[in-house]
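Down below are the structures I want you to see.
Common to both upcoming complexes is chain A, partnered first by chain B, then by chain C.
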Partner chain A sequence: MRGSATAVTSGRTAHGVLGLGAVGTLRRRIGQGDVGSLPIVVGLAVIWIFFQTQNSNFLTPRNLTDLLLQMTITATVATGIVLVLLLGEIDLSVGSIVGLSSAIIGVLLVSNHVPLWLAVGVALLVALAIGSAQGAIAAYVGVPTFVVTLAGMLGWLGVQLWVLGTTGSLNVDDPAVTFLFTSYLPPALGWLAAIVVMAAYAGERVNSNRQRQRLGLSIEPWHKLLVRPALVGLVILIPVAVLNTWRGVPVAVVTMLLLVGALHLLLTETTFGRHVFAVGGNAEAARRAGISVARIQITIFAICAVLAAIAGFMSVSRSLGASTQTGSGTLLLEAIAAGVIGGTSLFGGRGSVWSAPLGALVMASLANGLDLTGQPPDIKYVVEMVVLLVAVTIDAMTRRSRARSGR
Partner chain B sequence: MVGFLGHRAMKLLGPVLVASFAAACSSGAATPSPAATATVGSAAASASAAPTSGPQVTVSILLPDNTTPRYESQDKPAITAALTKYIPNVKVTSYNALGDGAKQLSQAEEALTNGSKVLIVIPQDSNAAAAIVAAAHKDNVPVIAYTRIINNSPLDYFIGKDTLTIGKQEGQWIVDNTNSGDTIAVVNGSPTDQNAKLYNQGYMGILQPLFTSGERKLGGELWTPNWDPTSAQNEMDQLLTKNADNVQAVIGPNDNMAGGVVASLTGKGLAGKVKVTGLDATVAGLQRIMKGTQGMTVAQDIPTMGDRAGKLASMLVAGQTPPADFFQGTQNNGSANVPTIFVNTIIISKQNIQTVIDLGFVTKDQLCQGIPAGTSPC
Partner chain C sequence: MRTAVSVELPLLECRGVSKCFGAVQALWDVDFSVSRGEVVALVGDNGAGKSTLVKIISGIYQPDSGGFSFDGQPGTIRNPHDAVARGISTVYQDLALCDNLDAVANLFLGREWTRGVRLSKSQMEKRAVELLDSLQIRLPSVHSPVASLSGGQRQSVAVARAVLSETARVVLLDEPTAALGVSQTKMVLDLVRTLREKGHGVVLISHNLAEVVGVADRIVVLRLGRNAAEFRRGASSSAIVAAITGADVAILAEQSELSPQPLNQGGSGGSLD
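Coming up: the complex of A and B.
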């Protein structure tokens, strides 16, 4: 904590509360390799400004709505991947689970005329079983998750093809399914949701400050306490304002954000969450501290698989059907890249579930912008390579400076 | 947690391996090839028919993958039926390369070792499969390439659709179904697939002169890695944004991608108003035609294709040279003019959708699944 003293003193100067204080904190955090989502936000801004100068349609409310819908499925899968990355593990089977669950939902709905809740329920249960089994094999047998889930990636694709049978693709246009990707919150409801989130966040901060005060811990002054909720408020209110000028906030995006928010609370507010970070930081130390590493691992892999199944349902809703190609292609790769680009460490123990939607937004922005400007596919691949390399380089470099500063 | 260091190294390596893995599998609708399931096709499908007591003759079918349903479910039965019909005492063995070109070569070698007299090959990789032709010719076994040609090799025969002509048909259909001044968006197939480029040559050959003269407007052109429907949907979103929804027709080069294009149009309330082309006559594609959200698809006459393959193989097994009029012409594969049987393709639109049932491409039950009763022809 070498830098913190200077940060506090400079924070006392008149204009420094937001200015110098923040800069000092930032410098300290960069020095210690704790940059979080900062590079990604800067990167996103650069990408957006660049594409806006190339094509004036890019930052229109309409295209931003498309962009958010385009990244929702990847972000949902990536959220599961981030959880797994936090343990320092990997799950390669998520793409195939997306495909399998979309196939199950599609076939049950169209061929067997099963009610929607049952079809989705079956898909979620299957995913839960798959995730738990993969986690258990890794935890109890000691097979690396890379191999277990690689096997899963092949096997569940096989089951997906079997479920779809000879026709290979089917259409689903049941309004109850397509609702998710064709509906938008009414403007007033969008505003209300944004304000509720802001108020809840501010309330939570005030509350934890009171608790700290009761326990005799250091507390943050009021003006600092509310800076972050205000910033978060801007991050929520501006998009809502923009989206409301087109069709409103897409229901699919809200659903994805609710999932991410719930998992964020699980990770940061519960003992379970603390254990996840402990296991990811050092599994052996966590085990000696009495944490059941196996239980954590199985639970996380189960959550990851269920998220993939939810993404499978989303995929049926968005593409109006299921096919042998659902979940194949680059989805797995994009989900992993999204987590890493979003700032979750590949080395375990460091990161946030919010890096999933952030990273997915970067990937989707690139694809969207390159399409809008009519770029050929060779350019697309190369650009994605560069962005991914930059992201992992930042991860590796910050890890080294963390090691240097002894954190 | 065993082997701490090794474990860490694994974590580091993981994503890198994934990346290379995904890259290796990125061309075509390929399945990564699990060694464990390598012989699924060969073991299960070894059908024999030996009603009379003559010596058995082995003919082998080599399929490229199992993610494209038609190979296992339509082509293999059609070829097998024809072989059984034309060659008494035939023993048909079939192999599925599960998306792996190298595996297909070793399967071909296995077939030759087992004394196969003719290889009917759908190459997984049109270029790498030249090694299959070389291996077969060493044993004086002729090779028939089926649906996809084998490039740069002394290939014996080719039976397939005329990709370029289909592309032209798609382009002509778009011209016939749009008006002067209309905007046409082009969503191409996979940039790594030779067929996608031939389709593109076909429809752009028809459309480009109209774009140049201003009779039609090009609303943008994008390529879709892996023929991925999700990418096609995103691309269509962008093309609509770019043209402020002023798009009257879309070239969607196959039915799966047309599905993505239609999903994008649905999101903008334009489905059914914009003409979309397709290819392959998948059930999902045909159903969209019935609903009016997709304009057309192209059906291949797979039963006839299988029949011609069987007939040709029977002549080769008997040591006969097939007569010149057995072929419709030749196709240049880069090193030879290969005698070629072009199989008929039929444009299917709302008016003639009954044809696909009449010709046995799909059953009425398949076609009408999930379709409200009363929609023609259900």
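Coming up: the complex of A and C.
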């Protein structure tokens, strides 16, 4: 037995975020290779302070609104990538699926005049079919997902060009579509949403603590119990306050955060989510425990593709149309980078969907800050390279220290 | 048989089990049993048929001939699911734990408790803590990933997983201490004793004779796919080694005479098959 092992019932002690034990907890977590999103929060603070000193417009409500709108599509795609990374897999086809679904929505709306709900529904169903098929080929045929989705990346790009046909690009100015990126929550609604989320989280923690007390499990003292909801509250309320001084919280950002929040609950509160982590941690152990690894894999690839299709709709809304360029370029690479920078392990089984918006926020902050300070795009890519390398290095190093402490 | 009356029928009994893979006869007419509150060690050289027998008991292989009985009632094990339904669980050497999940999640993996679609985390934790306490397993925290536990603690979690279900009766442990140091080994052997006290039947497959002699109530030796010998608690290691290696029959006979007298409950110690 290692060290002085205390009784199992004292297990909750490791959970405080602040408080007296925080430094010790942090040191222990670094030693065990479980740093989570901590480096990213520190990194983000450094980036923001740096750009603010370079250009005082950086932290203005207006620029922060732009920055959030910039990151929304990447974050949505990255959320799907995070799910796939949790299984220890990769999906390279998401960029092409963004392009294909934007093409489907554009063509159906503009050339075929179908109702919006039907156009979006078709795009989502196509993505669902694509994701399921890619997941199934990987699961049942045993082709590495890298290869299946690499094939998908090429193939769906081809289909995207075919769907767009000779027109090449379509303009969509239907207010029902552009609404997403041109509307903002009224300030009061923004406040209300923030307070509801915070109260729900605090209530849930108090409830769970009460239940633990009833069951005779270790409980957290009041001050510790409410530290996390208070932190979450600050993380939500401050941005809402800042954004409300400009136009309000963008609807697109709220939509993205709702998606991430829903997937967070799916991952942490359901059997399915538990099984996703199990498959990512040890697929053979999961299989022996009676979990259908194929079902998990297919479902996750389907969700990932559907998120890409939602991002496709967002991109029609943001760029007022669909073109052969939609979903191409660095979108895929930035989404993968965002997931990893946000703290989700490339090796499977460790991470959180919140990595996606966090990582995307870092990428967008870099791009936006370098633009503001008048740097040419070449610098941007080099800086992104450095940040990505730092992130994967932290991932690999913490993995090694996990292996050491885990024996 | 010196005493014909056994107090209780075995939890699990296999009679005349044979199994061949192509031209290789892996098991020949093997008998095996384990009773409530009994630790039976299954020993033998590589290729003696230990693993085959374990896999037959846990439902992975089907025997070519031979039968099972459970509490004296004849029955079959056609697949791993049957074995689990009969209360037989197996802990393999590689433990099959998910390193990234905590002890509670590992214990309940594949059989999570839920209310509606939501995991009943607190209820699962309560049951896990009760189980670990009752097995006297001490962990630094039930919330830290099992990767951060020591080898003995991980083995303990894997064993606890095998007896989580209320219907668990027989636990097969495949080389549970092979990768462990001295103190870790002691932790696992203490756990084996606790399982015995709680009335489980424990089958211990091991290469380490010293630990086998220390913990087992009965030692079944397989050699070249047959029952080679059976010893009671306290048998000398040299007699067991002779049975394992198939040393000269005369020596073996002499050895088994030297071994202490059998206990009173059925069977004769050191008898040759």
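Some points to look at:
In this text, the second predicted complex is superposed on the first by the 386 of 407 C-alpha atoms of A that agree within 3 Å, B and C clash if a C-alpha of one lies under 4 Å from a C-alpha of the other, contacts with A are read in each partner's own complex, and residues count from 1 in each chain.
Going forward, contacts are C-beta pairs under 8 Å (C-beta built on N, C-alpha and C of every residue); 3 or more make two chains touch, one makes a residue touch a chain.
Predicted model only: the values in this text are computed from it and were never measured.
Residue contacts after overlaying the shared chain place A:Arg212 against chain C, while chain B stays out of touching range.
In the superposition on chain A, A:Arg350 makes contact with chain C only, not with chain B. Which of chain B and chain C touches more residues of chain A: that partner is B. Legend: residue contacts after superposition of the two complexes on their common chain; A:Thr255 is shown touching neither chain B nor chain C. Once the two complexes are laid over each other on the shared chain, residue contacts for A:Leu170 go to chain B alone; chain C is not touched.
Of the two partner chains placed around the shared chain by superposition, chain B is the only one that A:Arg318 touches, whereas chain C remains out of contact. Touch criterion met: A:Gly280 reaches chain C, while chain B stays clear of it. When the shared chain is aligned, chain B comes close enough to touch A:Asp66, but chain C does not. Residues 284 of chain A touch chain B in one complex and chain C in the other. Within the complex formed with chain A, the residues of chain C that make contact are 94-101, 103, 105, 109-112, 114, 117-119, 121-123, 125-126, 128-129, 132-133, 137-145, 147-153, 183-184, 187. Interface residues of chain A facing chain C in the complex, by the touch rule stated above, are 1-3, 5-15, 32, 34, 208, 211-212, 215-217, 269-271, 274-275, 277-278, 280-282, 284-286, 288-291, 349-350, 402, 405-407.
Considering their complex, residues 55, 57, 60, 62-63, 66, 69-70, 73, 88-90, 92, 110-111, 142, 144, 146, 153-154, 157-158, 161, 164-172, 178, 181-182, 283-284, 287, 293, 315, 318-321, 323-326, 328-333, 336, 340, 346-348, 364, 367-368, 371-372, 374, 376-378, 380-381, 392 of chain A touch chain B. Considering their complex, residues 1-2, 4, 7-8, 10-12, 14-15, 17-19, 22, 26, 29, 31-32, 34, 37, 66-70, 72-73, 191, 220-231, 233-235, 237-239, 241-242, 255-256, 259-260, 262-263, 266-267, 282-285, 287-288, 366, 369-370 of chain B touch chain A.
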